[in-house]
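Residue numbering begins at 1 within each chain, and the chains themselves are lettered A, B and C in the order written.
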C-alpha cells in the first residue's frame, strides 16, 4: 500500500479548481471552479461538449497542467506534478514504434528503474487479460488500432496504480472495436479496487463502466449535473442491452441536450 | 532485384556503346577516352592513383566524421536551447542559401594550401546536413511520447535517451547520407583550389594535359570513395533499421 | 525540409540581426586592437572600401558569373522537369534511368569540371554546360519524387471521370509535384552558382571565381572578401527569386504543402 495519510482519504479531490490559458489576445478560460471527489475504488465518467475543457481537467489531475486557482488533492496530499501511483491513457496509444508490445508495456518500469523481473509477471498477466497473448514480441505497426489501445491499457496498469486517468481512450476506434474495448475495461475493473476518471463522448461507455457520471457545461467547464449509475457490480456487457440501461442512457442524453441548449 | 539488373544492363550497354563510338571514330579519344583506355590508365599508374586516392579518401573520411560530430553536437545544442536556436538558426538557414562551396578560397587564406584547409572546408560543407537532420529529428519527436515521459516522471536524460534519440536517428542518418557526398565534394573542391595533392588535383592536372583517360580514371576512383562512404552510412542505417524493427520516418536533406 | 523549428520566421528576426551587428563590431575591433594581419582577416571597413573601389570591375565579373549561373539555372530547371516527366510517362525509360539517376547523386559531379574545359575550351560555353550539369539533377530527382507523390485516390478519381494518362498527369500529378519541384529548384539555384564559380576556379578568363583566384594570387584578401560577398548576395538573390516564384505559384494554383 502506498502512503495513506488518513484511512479514508479520497483518491483525488478537485477543490474549486479553475484554469485559464494565457492565450493572446484574450486569455482563455477553460475550467471554472470545478469541485468533485473520486473516492477510493470509484469509477467516474465525464461527459461534456467538445472543447469544454475535459482534457484540461484530466491534465491537471495527471499533474501535467497546473491549476490557475483552487486546489487538487491526491490521497489527502496536495498534488504538485505527476504522481507515481497514477496511470494515464490518452486518445491514441502512443506506443513507441521501436519497442515490442511487451517492452512498451514495461516502459513505465524502465523509466522508474524497476527491475524487469519484478513486473514481468504482472505485465504478462495483463497482456493475457486484454487478449494480446502471443503478440508480446510484435511491434506496434503490426497491430490493429484496437490491439494498440489494449497494449496502452496494459501499460497504464502495469505498475498497479491506484488511480487511472483516461482521456477518450477509445475514440479513435471504430464502433464495434470500441464496444469491445469497453467490455475489456469492464472485465479488468471487476477484479481491481482502482479509482478512475474516464473522459468519453459515448453515453453507453459512461453508463456501462462508471459508478458516477459527471456532465460538464460548455466552456468554461463546470460540473453541470451528476448522476449515480444505479446498476450493481459486477456488471456484464449484456447489461447494455437491457431496457433499464436504455432508460438511463436516454435520461442522460436528455440531460446533455438540456445542457447544450 | 530485377530493376537493379535492368539498370546494370543499361549501364553496360552504355559503356559498350561509348567504346564503340570512340573505336568507330565518331568521337575523338582525346575528348572522351573509351572505357578500355580508362581501365588501362587505372592499371598503368596504380602508384600515383593509389597514393592520391588514399590522400583523398583519408581526408574525406576524417572530414565526414568531424562533420557528423560537430553537426550532431551543434544540432543537439540548438534543439535544447531555445535562445540559442533563435539566435543561430536564421544564420544557419542563411548559410544554406548562399553557394557555400564557392567560399573555398577563404579557407586557403586562413589555413594555407595543406590538408588542414581541405579538411576544414569539407567539414564546413558537410556539417550542415547533419545539423539540420539532428534538429529536425529532435524537433520531430512524437508529442504524445513526450507527454507519456512527463506522466511517468522521466528525467531529462531518460527522455533524450529512450524517446527523443530513437525518434531523431532516422533524420540524423538521412543528414549523414547527404554529408557523406558533401564531404567528398568539399575535399575535391579543396584539392582544386589548393592544387597540391589528391584525386581532384589529378583530375585538374590530367585535364590540363588533355589526358582524358587519366581524368576519368581518377573520377572512377572518386566515385568509389563516394560509394564506399555512402555505403557505410547505408549499412549503419540498415543496422539501425533492424534494431528499430518498424517502418522509419523518411527524411531528405539535399 | 521539415520540422517546426525550421519554419521561416514571419517577423523580422531582430535577435539574430542584432547578433550579426555585434559580430561585425567584434570583428572590426579584433582587427583594430588585436592586430590581426590584414591578409588573414581584413577589417569590415577595408572590405567595404575594396568593394567600393573595385565596384566597376566587380560589376563586370558579377554580370559574367550571375548571367552564366542564372541562365544555367533556367536551362537546368526546364531540362530537369522534362527529364522527370519523360521518366514518369515512360516506364521503360524510368526502369533504365532511375537507379542510375540515384547513383549519379553519389558521384562528386563537381569533379567533372575540368573535363568540360577539355571538351568546350576555357570560356562561357564550358562554364555554362558545367553549371547546367551540376544543377539539373536536383530538379529531376525532386520533380520525379513530386510526380510520384500524387494522391492515388485523386488519380483514381481522374480515371473514373474518364480522364486519360495525359490528363491525369496535367491535372493531378503536376499540381501535387509543385512543392517538390520548387524544393529541387532551390537546391539547383545554389548549385548553379556553385558550378559557375567552381568552373571559374578551375580555369576561366572572367567571373567572380576567376577574380577571387586572381586576388588570392596577389594576397589581396579584402578583394577576396568583397568578391565572395557579392557572390553570396547573388546566390541568395536567385534563391529568393525561386522562393517568390513558389509563393506566387502557390497562390495561383492553391497547392498546399
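By our rule, a residue touches a chain if its C-beta (ideal position, glycine included) is under 8 Å from a C-beta of that chain, and two chains touch if they have at least 3 such contacts.
Just so it is clear, the structure is predicted and the values come from calculations on it, not from any experiment.
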item: Pair of chains joined by more contacts [C-beta pairs], A-B or B-C; value: B-C
item: Chain closest to the assembly centre - both centres taken as Cα means; value: B
item: Distance between chain centroids, defined by C-alpha means - chain A, chain C (Å); value: 53
item: Whole-Å gap separating chain B and chain C, where each centre is the average of the chain's CA atoms; value: 18
item: Length of the line joining the C-alpha centres of chain A and chain B, rounded to whole Å; value: 50
item: Residue ranges of chain C in contact with chain B within the complex; value: 1-6, 8-9, 13, 15-16, 19-20, 39-40, 95-100, 103, 105-108, 110-115, 117-119, 138, 141-142, 183-184, 187, 190-191, 193-194, 197-198, 201-203, 208-209, 212-213, 216, 221, 224-225, 228, 231-232, 235-236, 239-240
item: Footprint of chain B on chain A - complex, ascending; value: 62-64, 81-82, 84, 86, 88, 90, 92, 94, 96-98, 100, 107-108, 110-112, 139-141
item: Touching residues (chain side chain B, partner chain C) in the complex; value: 3-4, 6-7, 10-11, 31-32, 79, 85-91, 93-94, 96-106, 108-110, 132, 135-136, 139-140, 181, 184-185, 188-189, 192-193, 199-200, 203-204, 206-208, 210, 212, 215-216, 218-219, 222-223, 226-227, 230, 251, 253-254
item: Chain B residues within the chain A interface of the complex; value: 142, 144-145, 147-154, 158, 162-163, 166, 243-247
